[in-house]
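In what follows, chain A forms one complex with chain B and a second complex with chain C.
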Partner chain A sequence: MKVFAALLLTLLGTSLSARSAETIAVIVNIHNPTETLTTKQLIDLYMGKLIAFPNGERASPLDMPHDSVLRREFYQLLTNKPIGSINAYWSRVKFSGHAQSPQSMASSNAVLQRVREIDNAIGYVKLKDVTNDVKVVYTLAQ
Partner chain B sequence: MSLSRCFLAAAILLCSSVTGYAAPTQLSGFATLGVSYTDSDELAFRNDVSDDNGKSKEVDFGSLSRLGVQLHKSFNEQWALTGQWALKRQIDYDLDQLTQLAFINYSPSANWNIKLGRSALDLFMMSPYRNTGYAYTETHAPVEFYGLIPHQSLDGIELATAHATDEGTFSSRWYYGQSSDYLSNHQYQWQLDLEDITGITLALEQHNWLLRFNHSQARIGGKEIDHYPLIRKTARGIASNDWPQLAGLLGNMNPVGSRLRYTTLGARYDNGDYYLQSEFAYIDANSDILTYVTNGYLNIGKHWQEYSLQLGYSFTNGKENHIPKARVPSLLSEALYREIERSYNYYINDQSTLSLSGRYDFRANMAAKLQVEYVDLKRADNQFMLRQQDMTAQDSFMVLSASVDWVF
Partner chain C sequence: MLNKHSLILRLAMVLVLTSVIVGVIAVKHYYQSIYQQEVDKAQRAIEQLHKTVASTASIAAYLKDKDLALEVINGLRKNDIILAGVISSEEEVLASDGEHNPHTALPYPLYHPFLDNDIVGYIALTPAQVGIQEHARDIAQSSVTLLLIQTSTLLLTFIILAYFIIAKPMAKLSAELKQITAGSNNRLTVPFAQHDSEIGEMTKSINNMLAVAESHFSQERALRSEVQELGNRLQLLFEHASSAMILATHHGQIMLYNASTEKLLARLNLGISDNLFDLVARAFKEGDTVVQSLRDSLDKNDVARGEYQLLNDSTGQSIWVHILVTRSYGQQQQSYLQIFIHDISSHKQQLAHLNHAASTDKLTGLLNRIGAERELNKRFAEQQDVTLMLIDLDGFKPINDIYGHDAGDEILRYVGQQLRQNLRKDDLCIRWGGDEFVVVVDALEQEQAMQLATKLHHALCQPTTINSSEQVAIGASIGVAISPRHGGDFKSLIVAADKAMYGVKREDKNAVAFAAD
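Let's turn to the complex of A and B:
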């Protein structure tokens, strides 16, 4: 019985760990007064509709490289749209001169570093990569 | 000195003075390698009426292909410069015609934005990004809706606001300025200056929805069409008793000074699987050169990850000006009648198009597209397609087009 329970816990732990690894966390600077974001606020922010935090302060969104898997997953989970639709949308916004797309960073470490340094930065990384010196304001899971 | 040249001078000055602390200049761009084929002996597909080089029953690489670059430099959170230059088949290739955007942006807060210089003309939903083929599923914007207005930029000022509400994100744009482009066919090229353009766009966006309203007005400026003096001179050969209304028709024929009014309602819905986009416009003028015209289109599509398929229908129709003919017909009066009738009904083109478009996003920033269209011209002497001869009849024909679109 003990062996069975241990096996069950191991399997459950593995499953939870895998789920945690796939969860994406939206992070802001530790001094940012924002505690949470709604889905609508995050979509506004990442789709260039209103690039601001709930208190009205301007935001500086950070993105992952154009062809990264994490970027594809982030936009799919956030908007339920394929990445091709997102890229087409951003080309409409950008080449109309209405807004600049989120700044593309080379890696999750670069996003974390930038969020630590800049008060109004906002980015996304895998939840397992989040460190204690940034604040999670939203999570997206499969 | 044009606004775009002012912008370039300001950009060079600002870049040289503040490069020490400003963000690096962002270079981006778009490109389309496109090809079209029109199955008509008399008419050729063209994206809009500024293109005077379309081809009938020949493969045409020039109608859809284009290349654009954009430079953006943010100096701080408030100030930025944006410039965009697009190369496509056009009548002039000078810096002024190549410059699509050239504006200084001042953003006092996240909700307010002011652009001064050359910005995108926000007339219809797709107007500001028509050159960027990657931005939409079809190979080109619906010609019945977009084809008669080649103007894509505004030299002037634009004020934009955005606010979050419980119903969605509400945004508005207010603009004033002028714009210039060409109307052309195989006979003439006319520089159509739109002056005193005033416009407002109101938009409400939710996650999957966009509702948009625009009203704009513009006065036609510039010179009259080159061959109008010749028409008046030719008209002297007709006795006033033979055509009593001729003098009045000639007097009111010149569009310069007329005020055009555009009112548009549009909507877009996209839930990731299915999408829909539609716009309807009502255009009229305060003179005899245009009674009214109604344009519209509806595109319905479906996404399958990298693939999209779209069915589209677009139309234009309007109220014709009925021009009285000469009481005593002659070859001269018939030729004159045709020119006068064309002038009074330039914008009235009873035409519809049914289209099927496919798109494949084969890279994160590249797409291949294929489109087949069935075009039905219910009125002769159509202005949308490029006529290969003086007069064309009613017709129905196919347009095939394909493109590879890229953004970088």
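Let's turn to the complex of A and C:
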């Protein structure tokens, strides 16, 4: 069902816009009790405001490399802001050291690997890369 | 030169007062508008500042990052226009600096950095009110100073100009006018460069008035000298008149009298008195009667005249005067009495003399026919009875022829003498004409009349000397008539006497006969 929907969206997106990206899925460890997240919760987790899942478990957000296309698309879809703004945000926030930026991973596989291994990890990959041993809690599409 | 009532000073005071009032109101409004502008400007500046820091402040509020918030606030506080700043999240104050004033502070919401409609906190900025006010005041003050300089310059210029253009020329005109005597030919000079101005017009109008006044004055002067001349002449006429003149009120109160009046009264040893009628009563013989007749006549005709006799003068001579009293009406219906008293004594004497001459026979000094008729008519008018004798000389003509007219005249004079000598003073002796004489005496009985006639006949027939040597004698025929027996008037007596006398003549002449009944 999810696969079908994703496929459909992909097809529609491809046909409607040349720039359209693929659907992005936010994934957590399969044992994580969190079933779904709101946009706000997701933003707050990735922007360093929330440091825990709704159940109180400490969260450890994972990010893609700094210049990755997926990262750019992820933040664009999530906050509707260009990646520059996000970078500027972090460069401002990092000074005071009150908030911690997500941990940067080398690739989508590295993200998947980390989510499989660590209970409180949360990351994002292309929906088509999602495997059965992780849990999708949020999807982002155009 | 400028007293406290001066036009210029008053004008200046009004102008200054108006300027001050308008200035104060204008400055107040100006200050308020400047202040408002400054406040608006400050608000805009604060808003801009807010926009500048909004994203950072939002992040601070989003992350509840007190350090970041404080940094923002500190940054803002470097601006003069911000007195205090507060950043708060929804739960707590994150950073605050300066004297925060909740009344003047401008609050702005801080939005979620990534979710546009989510408010994550507030930033409140307190404007530096005092600074804004001071700034506004500074601007207003410099404007006021400028206004003050401008206004005072204008005022000063206006006052100086007004002084030189209006006040000074007016004062000069006024001083000049003071020097000018009304009626003189002096005129005001039109002030410099004011020929067509209001002052120039005024000067011209004043000059016109002066011209009119001059002409009036000269007319008046001419009139006055005419009146004076007239007065002098009238005085001359009045004072030098030979008649006594008196002016009195209608009650008789004497107002004016001339020198002749005094002279006339002096002759009577009288002084002037206050009242005309009193004076007349004292000065005239039968004065009360004179006064009464004058009054009656005046009441009837407004004029009274008459010839009356004054008291005798100090030498006892009688004085006759003609008096004329006229009532004349002056202004306001007041009436006056004009009195002229003219001495007619000499005129009267002359008249009496002429009268005497006219009624007297020159040769004999007896009455002539005219005088006789007047005297007799008087007596008959008084109903006096008389005895009349008509005497005709006999033998007169031959004497006249032989000895000449002078001798005849001597005879006639002799007859007159004889008649006078044998009659009383009141008896009338008349030369009736030629050698005829008439004698009129009081009423007598026939016998007595014949006795008197015989006596006269005897006297006439006495011889007399003529031409100093010749002895002659004449005869006379006499007719006698008496009234009322021979008539009630002169003519009928003459006729009766004449008849009797002719009876004598017809017989043997030289006799006396009584008239027939």
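The rule is simple: the second predicted complex is superposed on the first by the 121 of 142 C-alpha atoms of A that agree within 3 Å, B and C clash if a C-alpha of one lies under 4 Å from a C-alpha of the other, contacts with A are read in each partner's own complex, and residues count from 1 in each chain.
One rule holds in what follows: contacts are C-beta pairs under 8 Å (C-beta built on N, C-alpha and C of every residue); 3 or more make two chains touch, one makes a residue touch a chain.
Predicted model only: the values in this text are computed from it and were never measured.
Based on the superposition on chain A, does the combination of chain B and chain C result in a clash or a fit?
With chain A aligned, chain B runs into chain C, so clash.
Is A:Asp67 contacted by the first partner chain B, the second partner chain C, both or neither?
Once the two structures are laid over each other on A, A:Asp67 reaches chain B alone.
Quick one: classify A:Thr36 as touching chain B (first), chain C (second), both or neither.
The answer is neither, since A:Thr36 touches no partner chain.
With both structures placed on chain A, which of the two partners, chain B or chain C, ends up touching more residues of chain A?
Partner touching more chain A residues in the overlay: B.
Quick one: is A:Gln142 in contact with chain B, with chain C, with both, or with neither? Answer first, second, both or neither.
Neither partner.
In the overlaid three-chain picture, which partner chain does A:Lys94 touch, first (chain B) or second (chain C), both, or neither?
The first partner, chain B, only.
Touch check for A:Glu57: first (chain B), second (chain C), both, or neither?
In the superposition, A:Glu57 touches chain B alone.
Under the stated touch criterion, which partner chain does A:Lys81 make contact with: chain B (first), chain C (second), both, or neither?
Both partners, chain B and chain C.
Can you tell which stretch of chain B bumps into chain C once we superpose, 8-16, 44-52, 242-250 or 260-268?
Once both complexes are placed on chain A, chain B clashes with chain C in 260-268.
Could you give the residue numbers on chain A that contact chain B in one complex and chain C in the other?
In chain A, positions 39-40, 43, 49, 79-81, 89, 92, 95-96, 98 sit in both the chain B and chain C interfaces.
Hey, which residues of chain A end up touching chain C in the complex?
39-40, 43, 47-49, 78-81, 89, 92-93, 95-96, 98-99
For the complex, give me every residue of chain A touching chain B.
So the residues of chain A in touch with chain B come to 39-41, 43-44, 49-52, 56-59, 66-67, 79-85, 87-89, 91-92, 94-98, 100.
Inside the complex, what are the residues of chain B that reach chain A?
On the chain B side, the touching residues are 26, 28, 30, 68, 70, 72, 74, 77, 80, 82, 84, 101, 103, 109-111, 115, 119-120, 128-129, 131-132, 134-136, 160, 162-164, 169, 171, 205-207, 270-272, 303, 305-306, 308, 359, 361, 363-365, 367, 407.
Touching residues of chain C toward chain A in the complex: what are they?
Touch list, chain C to chain A: 56, 59, 62-65, 67-68, 113-115, 118.
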